[in-house]
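In structure tokens below, several structures.
Same chain, two partners: chain A is paired with chain B first, then with chain C.
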Partner chain A sequence: MISNYIKLAIRVLGRNKFFTAITLFGISFTLAILMLIISVLETEVGETPPLTDKDKMVILPSLQLKRQFYDTIYAYDTTMYKSAQIIDTTFTLKENGSNNSNNEFAHWFLDKHLSKVPNAKNYTFFKSGEIFNSYVNNSKVEMRVTFTDHRFWEVLDFQFVEGFGFGAQSVEREEPVAVITTDLADKYYGRTNNIIGEMIEMDGKNYKIMGLVEPAGVSLLAVDIIVPYTHAAIGSVRSNESGFGGYMAIFLGETSADIKLIKEDIKYINSKTEVPVAAQGKYDIIKFDAFGYHETYAGQILDLNDEAKSLWIMKLIMMGLIGLFILLPTLNLINLNVSRIMERSSEIGVRKAFGADQRVILTQFVIENIVQTFIGGLIGLVMAIVLLNVINEAKLMGDIILKLNLRFFIYSFLICLLFGLVSGILPAYKMSKMHVVTALKQNKL
Partner chain B sequence: MIQLQNVNKVYRTKTIETMALLNINLNIDKGEFISIMGPSGCGKSTLLNIIGLLDEPSDGNVKIDGSTLPKYNSRDMAQLRNQKLGFIFQSFHLIPDLTVRDNVELPLLYRKVGSKDRKRMAEEALESVGLKNRISHFPNQLSGGQKQRVAIARAIVGNPEIILADEPTGNLDSVMGGEIMDILLNLNSKNNTTIIMVTHDEAMAKKTHKLMRLYDGQQIA
Partner chain C sequence: MIKHILTLIWNKKGSNTLLMIEILLAFLVLFAVLSFVFFNMDRLSEPLGFETENRKYIRYGNLDHIEGDSIRNLAVRELKRSLQDLELVESVSLSHDVSPFAGSNWCSGSDDMGFNIEACYSVVDYDFVKTNGMKIVAGRDFKEEDMAATYPVLLANKTFMDDTFGDKDMIDSIIGYNGAKRQIIGVVEEYKYDGEFAESQNRILLLSTSKNSSWARLTNAYIKLDPSADVAYEEKISKIVQSVVKTTNFVIQDAPLLRKRANLDTWIPMIALLSICAFLCLNVALGLFGVLSYSISQRKAEVGLRRAMGAHAGSIIQQFTMEVVILAGMAVLIGVIFAIQIPLLNVMDVENSIFFRGILYATIIILVVVTLCALYPSIQASRIHPATALHED
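Our next item is the complex of A and B:
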């Protein structure tokens, strides 16, 4: 019976071509936009390389050193008792401002206090954000650099096109080796293959390329070149005695359930850690909070001090946007569907006369609507893929490279289904309830 | 086979109450061909709808095969219509997006007959009305007479015991109307199918076994 409904749905679409074209345009445009939103979310917060394990990751972004100032407030009170003046004085301590410093970590600090987090299966410390310029054939090539350890390649699954990441020995021996992205290879060498063993100049120093990777395509890891953290040029930042120095840490759990345990471990370590000696003259409170990947990501985007709150707000905004994008066209489609089905009330009467009950009619029209939505969805998918390529080619979203993967197609399929169901059920229900005699008296077939 | 006992039908609005049928008593035996006549608005179609389980009487009983219909539950009624009844409408009511075959298969679809059997039964029904060669056509490619023959094929494809025809020749010229009437008479005599037909045509009515006349919702003959 379902195949009959599908066959009929396709024929009904051909009945009023102008009406069908308008409906399909509405559906496909809506779904294309929704698919783009899915792609952005999937790229930024979904499980895509090099952050496939982001659900198991805990990020330690920064160190806070603080000194709290207190004021003593005296209350001077006098009362008369038996003609004598009694003086009563009390005092309270009240917070009166604080001296705060908040920055990423020095490498030695992470190494000393956070290299043995009990529930972390693996970890990496890295420093990003510095940009160096190099000149190739008189044109400037900008290089965003990340300094890190050999575990970087274990925690993050960068996609290697050629070669591999540097190991522990290269880091220890301060070897001038580098892994670069295909984007940088293209700008620097004009090609994206056979570059292993080539030299690249950065900040007056030559590095030998030992790996070529696809760009991460996410804002957190916007990087062109990755080198061992041990190079002398950055030593001063590494060894800043106050504990600050531009590094952050990623800890990896065995499962996503470990995130909570790792956070507790870090909280415990924090409680046992003293302010670095060099900073003790200025600060007496030390604080470092760990966050799940998504919390940190939301914190970066919304720039609120509270990462957990940022995540909650971001989720709310995204849900609201998606809800709005679904709701408005759905209402429109419901309206269109009511008028489309009204035209077929006589058909409903005939079907009921020959034995279709309310449930059968409801199923028929919902299936028809889902078929229509999926045709619109297919057009929308083509539109979304084209738009996605345009956005990526023109770098309209900066470092974010929108990706297509199986989950993208599954989510898109589910959205089509939801859209079809929601916009079809109400009109179909309304019509399926129509009395058979009334339905037969409506417009002639 | 069909018994109507003291059937009344009243249409009520906030301000007005219209008696469409008043105290109708009717007994139709198996294999009977009965015609219902009367001026427009006298309640012929309402009566046919009640006999065809498309509408519910306001009062009175409808008995089919000796048992009173207890409640007009939409699902049970749909099943009864599907199993026992076939309908022919004045304006054919063929579904324009379906081919002739798909239109004829419709009652079998709701009876959950398999695709192969549906196809075979639809072909047989269309052959019996002389339209097997139009099986893949769409309704808009057929003449009025052909459309009504497709509608008859649809009504008989599931071998119902009762056929209800609401002015089946009303939209056709006399030649085509005559052809349709011949098919119905043939169906009644050969298959012993009970037929209840609403008509304005005295000549057609005279060919049936029994004639019932209605006037202002009341049975006058």
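Our next item is the complex of A and C:
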């Protein structure tokens, strides 16, 4: 039965080339853009390496030191009481400006206070954002470096092309070892294989390469070379003593339910931690909040100083935008189909006259629409893949490399199905409701 | 005529409602996207305030590996001197962390003698204005001797002067800012260090004093190069910086490239939104065209009758086009009622004229597109010969 419907649907598509072209154009473009959006979301917030466990991750981005100033506000109320004036004075403390420093952590601070979070199964501290230059064959190579510990490789599942990450001993003994990305290998050596054992120069030091990884392709981990943190310039005395340094922490829970517990642990640790001695003259409040990965992500984009709220607002904005975006082409398709009901009236009339009930006809037209959507979806998929490659090639999204994976195809399939259903039901319902006599009266068999 | 058209629209209220919702949605999307575009274009039209051509920015940071402010101070001075000595370098300037396109921001605000003085500032050396090609619109530029002036000196941008003091001439006045009494010696046209799409805000350039602690905190260098300097010259600069700061932990960036990249961050979403918007409009236009040509071809009998009664082709075209335009007009009107709430209620902290322009242009685009879509099927309908049309029924 269904194969009959499909055959019929394809026949119908060929009947009126003009309308088919309009419909397919709308469907394929809409779906192509939706697929692009899925791909961006999947890359940035989906669970792909090296952040497969991101739903179990808690990120501690920064330390805030603060001193709050207060103002005393006086209010005078005068009342007449027994012909004498009585003055009633009230004063309230009002927050009036603050001194505020917000920055990443010093390594010693994390090590001292946050290396024993009870509910965290694993954790890593890392410092990103420094860039070193090197000149290879008369061209400049910029290396974005991350300093970290051996647990970095346990918490994040970087995809190793060759070799492996450094261990605890390498970190402790300050061994000059490095893991680099294929991007950097290509720029530095002009090849992306047999790199293990090569030396790479950074800041006047030679590092032995022991691992080659695929670039992370997400904004949080924009990095080219990863080395043990014991190599980081330890001289930053001034910033170090106050607790600021450049390090972030990621904690990993056993399950995603642990996120809440880890956050509470960190809140408790915060309440027990005092302002570092070197900063006590300037600040008296210390605050560090941990967030789930998605909250951190939304916080980075919206910058509201409230990560949980940012996530909510971002979800709302995203859903609103996507909703609006789908609604227009859907309405368009519905309009087109509704106005063309009469085209099919004779067919409906004959089928009804031979005993087909409303449900059968409804099913037929919905399936027809879904088939149409899938043909459009296929074209859309091709367009999306072409666009994806263009975006990746031109590096339009900066460090983000858009990926295609199984989930992308599943989501795309679901979206096609949904789109087909939503845009098909109303016209199909109208068609199936058509009275036999009216349908047959349109005498164009 | 209009009453007749309204009756015709009412007769097909079911499918017309759907059409109206579609046009309404298209209007709202257009309004939002156009407002966003106008918002950005307005900012782009304001001057940037500094030049980037032939400039290189070097960020060498805190030099934490050099212990002590006095030694660090020497290193920073040595860096400036040795860069200046290069043949193709026209001028060199230094500043602290707040530099163009870098994203950092240091601000300070206070109440001074009844003026609410609020601005974001950069600490720079005396060659900054010259090196970055900034324009002085009043007063004078920094001089090397100013470092030892009784009151630390500052340059403010025009936005700050207008916002804070109105029309008063404040050159050489002393104001309290960032914890010290400072003298305003001049006004620069603008300094939008966040990039061309940034809002024009209050900016102040503080001259670094000759104190050790002040110079030691200068973390960025700016070089104006002779146009003949090529890419290989950058390596030479790099070697000199490396020999002075004793690390390779510094970045040399191409200012025009940074500017382009910063602009791209706004251009990309803008172009993406505009192309999605154009696609939606095209989609709606094609759909409308399909629906109209189909429904008009269903009304052949009506056309035939009118033609037989003496209506000429023009009036047939007019009738069908008017029908669609009135329908679209009603949809747009509803859209305007929604859209106008944003400027009227001051929902967003943005200049209201942007939204009014957004409404105006969205309305024009929708009406033009709809008219074009209606015109072709109407012309087709008007060509129908009365005899053929009446024969069918």
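To be clear about the criterion, the second predicted complex is superposed on the first by the 412 of 445 C-alpha atoms of A that agree within 3 Å, B and C clash if a C-alpha of one lies under 4 Å from a C-alpha of the other, contacts with A are read in each partner's own complex, and residues count from 1 in each chain.
Criterion: a contact is a pair of C-beta atoms (placed from the backbone, for glycine too) under 8 Å apart; a residue touches a chain by one contact, two chains touch by 3 or more.
Being a predicted model, the structure only gives us computed values, none of them experimental.
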Touched partner set for A:Ser339, first chain B, second chain C, both or neither: second
Which superposed partner A:Lys352 touches (first chain B, second chain C, both, neither): first
Partner chain in contact with A:Ile326 - chain B first, chain C second, else both or neither: neither
Which of chain B and chain C A:Val155 touches, first, second, both or neither: neither
Residue contacts with chain A in the superposition, chain B compared against chain C: C
Common interface positions of chain A, toward chain B and toward chain C: none
Contact footprint of chain C on chain A as seen in their complex: 18-19, 22, 25-26, 29-30, 33, 130-135, 138-140, 142, 202-204, 233, 235-239, 324-325, 327-329, 331-336, 338-340, 342, 396
Touch list for chain A against partner chain B, complex: 1, 4, 7-8, 11-12, 15, 346-347, 349-360, 435-437, 440, 444-445
Interfacial residue positions of chain B with respect to chain A in the complex: 49, 52, 54-55, 74-75, 78-79, 81-83, 87, 89, 91-98, 102, 106-107, 109-112, 139, 154
Of all residues in chain C, those that touch chain A in their complex: 15, 18-19, 21-22, 25-26, 28-29, 62, 64-67, 231-232, 234-235, 238, 247-252, 264, 268, 276, 279-280, 283-284, 286-291, 294-295, 298
